[in-house]
Amino acid sequence: MMLETVREGLSWACLLSGGFFLVAGGIGMLRLPDFYTRMHPAGVIDTMGAGLILLGLMIQAGFSLVTVKLLLIALFLLFTSPTAVHALAKAARHGGLEPLLVNTEENDE
Amino acid sequence: MFSAAIIAIFITMALTLARALLGPTVYDRLLAVNSFGTLTVLLIAVHGFLMGRPAFLDIALVYALISFIGTIAVLKFFEYGDLGPGERVSFDEEQE
Amino acid sequence: MRVFQRLARGRRRAWRHGFYLGLVLFGLWLLLSGSFKPLLLGLGFLSTLLVVYIALRMDVADHEGRSIHINVFRPVGFWVWLVGQIVRANLHVTYRVLHPRLPISPEVFHVRASQDSELGRVTYANSVTLTPGTIAIDLQGNELEIHALDREAVEAMVGHKDSRAAALDL
Amino acid sequence: MSEVLINQILLAFMLVIAIGVLYQRNLFAAAMLMSIYSLLAAALFVVLDAVDVAFTEAAVGAGISIILALGTLALTCGEQKPRPVLATGPLLVVLLTGGMLIYGTLDMPYYGDPEAAAHTGVASRYLQDSANEVGPPNVVTSVLASYRGYDTLGETVVIFAAGIGVFALMGRGRRKATRKVK
């Protein structure tokens, strides 16, 4: 009974905070000024948002085949995400897109 | 609780969709497509739990793999201007 | 004579790779189907055989060295540490993004990766990309080009992560 | 959160993308948007419980068709030619066809209606007996592979022929350019 409550709570927390990070990443993708900076919030979506939501689902599923599948999905995402993002950055760089760079002195005032 | 997660996914979908529509470069759109793939995987997984049928996870699994292949193929296209192996050609930026 | 020996050895290696590939694929089949009826098991076995055969024929069964032999569990410390680093970086980026004044100062850094093996360097570069706030744009030889959201993001990880990844040097 | 609401949100997203594609001059960007469109379509199929269609959409829509579109763009050009602002004739045809289709849907049974023609025929037998008669736990699979197996066979042959045709068309003249394989 006690254990059940703890599990529910944990899963709740994971799903809600995962949702929060997803939305934060989405806002970042809209707010940030150029392509290279927008890749960072996309990373937030792929790692923290997806990871926490999948973790919440795993806690919900308990110890079963479903958990293994969720784990596989999380692994796929974790392995493919940096590859895709890196390929994207490299392609953009070779395509001639210059990153927007801000001088630290200017920004910190 | 699953509903909350689904709402969050939908909001993020709308935000990335806005990025995909706004552009301005091809790479921004590609980034949005990539994130959208992740979000679709999450949506399918959470929806399976919401309906009490985690068997939907298989599709999420297929998706996690396929959207990656799609992104890599598209990138290869942008790098080489072609889908086959060959010399790199310069690809002019999307003019808008 | 030499050539034949080498050929035979190459063949043996191909067979071994095929065997490992088949083992992994069949394991995956079992995991995903979750059904242990003899008919389905037989079908799974047959399709595994087919895929392995095609892979061997296409000569794609693992030529890039040791990807099957990597011991994934040896650098457990590194994985745990990486997860912690990812969480920290996520909080950092999220704070920066949600802050009303958007306090970012994107910069491009050039960092030397200290790993000896190619695999170690690639692992390092991928870990850099996986942590939000820093993205490895290019890896040429030893030189790593990193785009970072701000200086803090890159400073927090370069020193440690590099030594960590060097320690695991696959 | 009800299923209907999820459907509506997904459909709204798809509508937004469709309009975005219409206004997009750059064909690469249009291809990217179409790939999002098919991601959404697959999600919609999952929500509607058509798992096998969703599988196909995932493999074909998001994976292959985008690659085919890009292959086509590599052979042609990436920018759409400007066209007249308003073409009255085509618009009329589209409106007429759309109106007829909507009129046609008025006769259709409601979603999930037990009295619908599809549910009163052999469907109940499939649902009850397919596990004994054929075997697979998924009813759709047993219908596709057994009850209407010949139909599926013909379908597959057609698709296979189409695939070969596409390869024959797109791969032409490319042979010599490929890297030498050892």
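The chains carry the letters A, B, C and D, assigned in the order they are written, with residues numbered from 1 in each.
Here is the rule we go by: a residue touches a chain if its C-beta (ideal position, glycine included) is under 8 Å from a C-beta of that chain, and two chains touch if they have at least 3 such contacts.
Note that this is a predicted model, so its numbers are computed, not measured.
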| item | value |
| --- | --- |
| Common touching chains of subunit C and subunit A | none |
| Identity of the most central chain, Cα criterion | B |
| Cα-centroid distance, subunit C relative to subunit D, in whole angstrom | 34 |
| Interchain centroid distance [CA atoms averaged], subunit A/subunit D, Å | 29 |
| Gap in Å, rounded to a whole number, between the CA centres of subunit C and subunit B | 21 |
| Distance between chain centroids, defined by C-alpha means - subunit A, subunit B (Å) | 13 |
| Of all residues in subunit A, the ones touching two or more other chains | 25, 27, 39, 69, 72, 81, 83, 85, 90 |
| Touching two or more other chains - residues of subunit D | none |
| Multi-chain contact residues (two or more partners), subunit B | 2, 7, 13-14, 30, 32, 58, 61 |
| Interface residues, subunit B side, partner subunit D - complex | 2-3, 6-7, 10, 13-14, 17, 20-21, 23, 26, 29-30, 32-33, 36-37, 40, 43-44, 47-48, 50-51, 55-56, 59, 62-63, 66-67, 69-70, 73-74, 77, 81-86, 94, 96 |
| Complex contact set, residues of subunit A against subunit B | 11-12, 15-16, 18-20, 22-23, 25-27, 29-30, 35, 38-39, 42, 45-46, 49-50, 53-54, 56-57, 60-61, 66, 69-70, 72-73, 76-77, 80-81, 83-85, 87-88, 90-92, 94-97 |
| Subunit B - residues contacting subunit A, complex | 1-2, 4-5, 7-9, 11-16, 18-19, 25, 27-28, 30-32, 34-35, 38-39, 41-42, 45-46, 49, 54, 57-58, 60-61, 64-65, 68, 71-72, 75, 78-79, 88, 90-91, 93 |
| Parts of subunit A lying in touch with subunit C, wherever the complex brings them together | 21, 24-25, 27-28, 31-32, 34, 36-37, 39-41, 43-44, 47-48, 65, 68-69, 72, 78, 81-83, 85-86, 89-90, 93, 99-104, 107-108 |
| Contacting residues of subunit C [partner subunit A, same complex] | 31-32, 34, 86-87, 90, 93-94, 97-98, 102-108, 125-127, 129-133, 135-138, 147, 149-151 |
